[in-house]
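What follows is chain A paired twice: with chain B in the first complex and chain C in the second.
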Partner chain A sequence: MSDNDSTQTTGVLGRLNPITMPLRYKLGLVGLVLLGALPMFIDSTMALTFAGAYFFGVYAMSWDVVSGYTGQISFGHGLFFGVGGYTSALLNLGHGFDPLLSIPVGVVMAALAGIIIGVPALRLKGPYLSLVTLVAPLILVQIFIYRSDIFNGEQGLSGVDPLFGLNTFGDEAMFYYVAFGLFVFVLAVLWIVTRTDAGPVFTAIREDEDAVEAVGLSPAKFKIMAFVLSAAIGGLAGAMIVHTPNGNASPTTLLSITVNVEVIIAAILGGMGTIVGAAIGGVALILLRDQLSAVDLVVPLFDTPISDMDFLVFTLITFVLLFALPGGIIRWATGIGGWLTQRVRGEDPEIAADGGTKTPPEQVYENYTEELREILGGDDDDEH
Partner chain B sequence: MSTETDHGEETDAVAANGSVSPDDGLLVLDEIRKEFGGLVAVDDLSFAVEEQEILGFIGPNGAGKSTTFNCVVGRFPPTSGTVYYKGEDVTGTNAHTMVQKGLARTFQEFRPFEDRTVLKNVSLALTPNRMFSMQGLRGKTKEKAAEICKRVGLGDRMHMTPDELPHAGLLRLELGRALATKPDLLLVDEPFAGLSGPEVESISDLLLELRDEGLTLVVVDHNMRGLLSLIDRGIVIQFGSMIAEGDPEAIKNDPTVQEAYLGGDEL
Partner chain C sequence: MVDILQFVILSTIRSGLYALIAIGFTLIFGVGGVLNLAHGASIILGAYAAYYASAAGLGVAGSMLAALVVPAVFGSLLYLFVIRRFEHEPIMVMILTLVTSVAVEQLVIELAGTQAKRVPQFLSGNMTIGGTSVQYNLIAVFALSWAIIIGLFLFINYTKPGKGILATSMSAKGASLVGIKSDRINLATWAIAGALAGIAGMALGSQLGATYHMGRNPLVLSFSIVVIGGIGSIRGSVVGAYLIGFLEVGVIQFVSSDLTGIAPLVVLILVLLVKPEGLFGRELAE
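Now for the complex of A and B:
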């Protein structure tokens, strides 16, 4: 027993020891190694698809760290991707900045946008905040259209320099590694942030802000931190993607409602409030869409090929999964995994102890309904 | 601290002329007033909390106890009046800053973080209010949190989630989480509601022990059951004003208090 305790308390180094780490971490590491070797086995088109999937995984993680963890639901995370991407593209096109210089500027601008959205979040709760985040990217798109002379409207900016001077045709494997490197870097950063002291504070804000204040922690400070961190990472991904064949600085790639919503779907599917779940959800969503586009099946009643209806398909999958696995794929898998390992070791598997605790989507849903009731049904009490 | 009678005289004087000085005690309320629209919830209330005493803050439902409480802990600012803590004007200071200054509270409607274990609830209160902190990884926090769990009688239930705890267990968790912030003054909101006789006794013992270790306590309650044997001194308020003040025996025999309470059934 004391041995067991000491391995638990050896801290961060102990946790990173591959021999003693839990099975799921080992599986994760093996998965990352396999993905690192993947370009040797796939063609260049597939490599670019994967690169796009990694970028989307980063988008989903950036959403998860603020919305999944603190429960401050953003419906317009594209704002941050857009600010990062357009900043970098404009600096590169207009002023000839090297992408290695323009990308960090994009990150800083996105972080500033994070403050602009994060500060209202201190006063606005649930549904109100979501409206602000929903509208912000729409306004930005309108500005881009209004000043088409600078931003080239709906078309967006193209012809920016690729990262590291790579060739759009021929260097697909290198673009794969650029995206993969970003993916692993962001995964590591957010994993560390959420597994050290800030993570439990973020999730506590999702649970009960007053109680967070009552233990002497400032919810405002941690909310702003989550917004800025999330915005900076979203901006980094947005700024990098415009310098790859995966996207350009256009509303469709960075800012559309589809992007905003798909990011949320990806994070919820994978497992809201886990970072790893969002990463897997984001990657899986793009790969799934790629597979769907190859399906020729035409939906009879609508006379539309299923590949054009991918958004509808994702929405349906999300609804089904929200009912079946409200915690997302990752929580379900670790739950099953833990149960299986206990079975294999001959221990009596504990009956699922999570019966009483709510999953993050359920908690957020509850907060929302409560706040909506306050907005809409304030007079109900008097009528009874 | 001089004698008990000294106390009485001093605070009696306070009640009489309604003026207190910032250094009268650890926590001093000077003519605190809180209005909601036209309703006066707290009516120019003044009193002082002495260091290391257990003060009962008593009043019937709707007397303004919780409102006073909330003005002190920084949930909302008073309409007028001044709150002094350790001689310093802290009126309108926000809740988490008050906690950092050493004034902790418990919630009457318990508010544990339902998504985590008892131990992790307490650990959160040990987390520094800093953007980047790796303290939690060194395992020290966990040890300390476990110690606090044992202190409040949850040693064998640290790994349960709050929904597995009985009512008294949740109260202990509230106390543990508040203690983890290392308070000098602890405001306990209606601890005895819904507890059985023996449970009241064991919680009282715990609060007395904490006082002996140097903590100052203000216990808010609407009935006096269990409270009179615990407190050193009590303040009774009704309609936002103080109606009686003194040692438990004096309060119990006070005619105004009896009138305020005996209409109801709980004394």
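Now for the complex of A and C:
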């Protein structure tokens, strides 16, 4: 999926017409419909696994909208999930707020956290921004541990009310639809945002900030906007997941380094700067992890089954995937798909018209390297 | 009074260790321009290598050798097979090294379990300084860290390969123009950084035992130290390590042990917001 085709004259509504859609969109719609019917065919455990996967897909999309699009790489998106989740859980436990009330408050708090991280991000470049975002959730966890009387330290808060008064046991299919509904909603919102006016500006900030400024748009405003949007969506997912059996308000579910890294891995593997890629990457990553924990194959050297060391195997697999497909699976698949359809239609498979431009990850890496050079001082051509 | 003296002694010794860890981290950043988030893994590998070596009956000297060699080899392999391919993609390097460190932690859990392991002490016994009892082991750790720091300083400034490292971190282009092979310099940096972190890991393990998560806190502390001292500056790292070491031990001793790790992080954020170039800026760059 290329984000370069977003400037078509037909507009968003025109592109939502299923008949005129490109093949890949049709496939996507069919996929969503199939997923909507899925609870009829799977058992309750599997339904919850899928629900967890959808939540993770939302996490990955929220990362993608700020990091994939504007190129401001965040290494600690768990901060926003955590602020949303803990706010909602605390309001529910301490003040008896209904989840339907406490979740929006969590979203607002997460959006505020987005401003708090977004404003310094305007000044900090490259590795410095990475360090701040890497460290921010760690500080939050330390605060939670220090004030264990409120936040219950590393165990986190449990016993919050489930959404809509659903039962943890018996209503698994409903929780599936709650998560699926959130997933589709966020996918639609972010798809529209990134395919209309704001999207190209976000992309332009990633490509060349000076150019954005030169046409009279404020990169700072759009960066903050991306951060707030991303934080609010991350906060929404975090606030909702604590009211489902998929998680509770604890550092492990929302804030741990593992969560922060997996979100990035999911988005990169799916395809950075595409939203759809991040969504698929997030869902696929959790499903893969779940599948691994059921594999009984014994690893020769360790003499233990894979199911007992699933997380190690999982990290090794992601390592290899990152190594082999740094551009993302979606981009790789659409590349192959485009080539195939052209072949089928008898056209000459040629390099796409935008073959000369860089993929989002390439552009982000390049900017990052430039910022690094500014910090390191050396290596510039205009060195004095 | 005894409190203060104990605080000073403990901080002085702890800070030397932090300096060892931070120097490796800053060297890699200065020379290769990448943040090595697998630096904590080298600490873990050093501690466990020492544990296994002593379990195999190799004695303290053998343990030290293992704690130096295993992480150095790990660092070299990581550079040769992973980092070199993503040399111009610092974000991928951060992610891949982070995944590597998670994998190493998991591997340690599989092999050695989650219980702390005893790592041999450099020296046994203890002595009394001004009413405070101090283990010989801690004094040995202190002496060793300073011996290594001074040795490294001399190596960088007065030997040919050392000057190569210095030159590459000043300007990779300039260094390659005068015939310095940046590949080899990078490899050497990764190996040195691994060895320093490894011996620091053994020293940490000899005080607190080796655990699978022992690398995390020092890694995060190195961020603070390196940012305070100025990224890429060895002198800055040593000064930063002492600031952070005293701060950390002071907060634990005089405020609350629940605040472990939070003060350095807050300092890190403040420094980044107020003076992002650090106290010493880039002493190497003109």
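Annotations
Everything that follows uses one rule, which is that the second predicted complex is superposed on the first by the 330 of 384 C-alpha atoms of A that agree within 3 Å, B and C clash if a C-alpha of one lies under 4 Å from a C-alpha of the other, contacts with A are read in each partner's own complex, and residues count from 1 in each chain.
We take it that a contact is a pair of C-beta atoms (placed from the backbone, for glycine too) under 8 Å apart; a residue touches a chain by one contact, two chains touch by 3 or more.
Predicted model only: the values in this text are computed from it and were never measured.
After overlaying the two complexes on the shared chain, residue contacts for A:Ile139 are found with chain C alone; chain B is out of touch.
When the shared chain is aligned, no partner comes close enough to touch A:Leu255: not chain B, not chain C.
In the superposed model, A:Ala214 lies in contact with chain B only, and not with chain C.
With both structures placed on the common chain, the touch criterion links A:Met225 to chain B but leaves chain C unconnected. Taking chain A as the reference, the larger set of touched residues comes from C, when chain B and chain C are compared.
Contacts of A:Ala47 after superposition: neither chain B nor chain C is touched. Shared-chain residue A:Phe75: touches chain C; no touch with chain B.
In the superposed model, A:Asp197 lies in contact with chain B only, and not with chain C. Put simply, chain A touches chain B in their complex at residues 8-12, 15, 193, 196-198, 200-201, 203-204, 207-208, 210-219, 221-222, 225, 353, 356-358, 363. Only residues 73, 75, 120, 123-124, 126-128, 130-132, 134-136, 138-139, 142-143, 145-146, 148, 257-258, 261, 264-265, 268, 302, 304, 309, 311-312, 315-316, 318-319, 322-323, 326, 361, 364-365, 368-369, 372-373, 375-379, 383 of chain A touch chain C when the two sit together in their complex.
Considering their complex, residues 73, 75, 94-97, 99-100, 104-105, 107, 111-116, 120, 123-125, 127-139, 142-143, 161, 163-164, 177-178, 180-181 of chain B touch chain A. Across the complex, chain A is touched by residues 29-30, 33, 35, 82, 85-86, 88-92, 94-96, 98-100, 102-103, 106-107, 109-111, 169-174, 216, 220, 223, 227, 231-232, 256, 258-262, 265-266, 268-269, 272-273, 276-277, 282, 285-286 of chain C.
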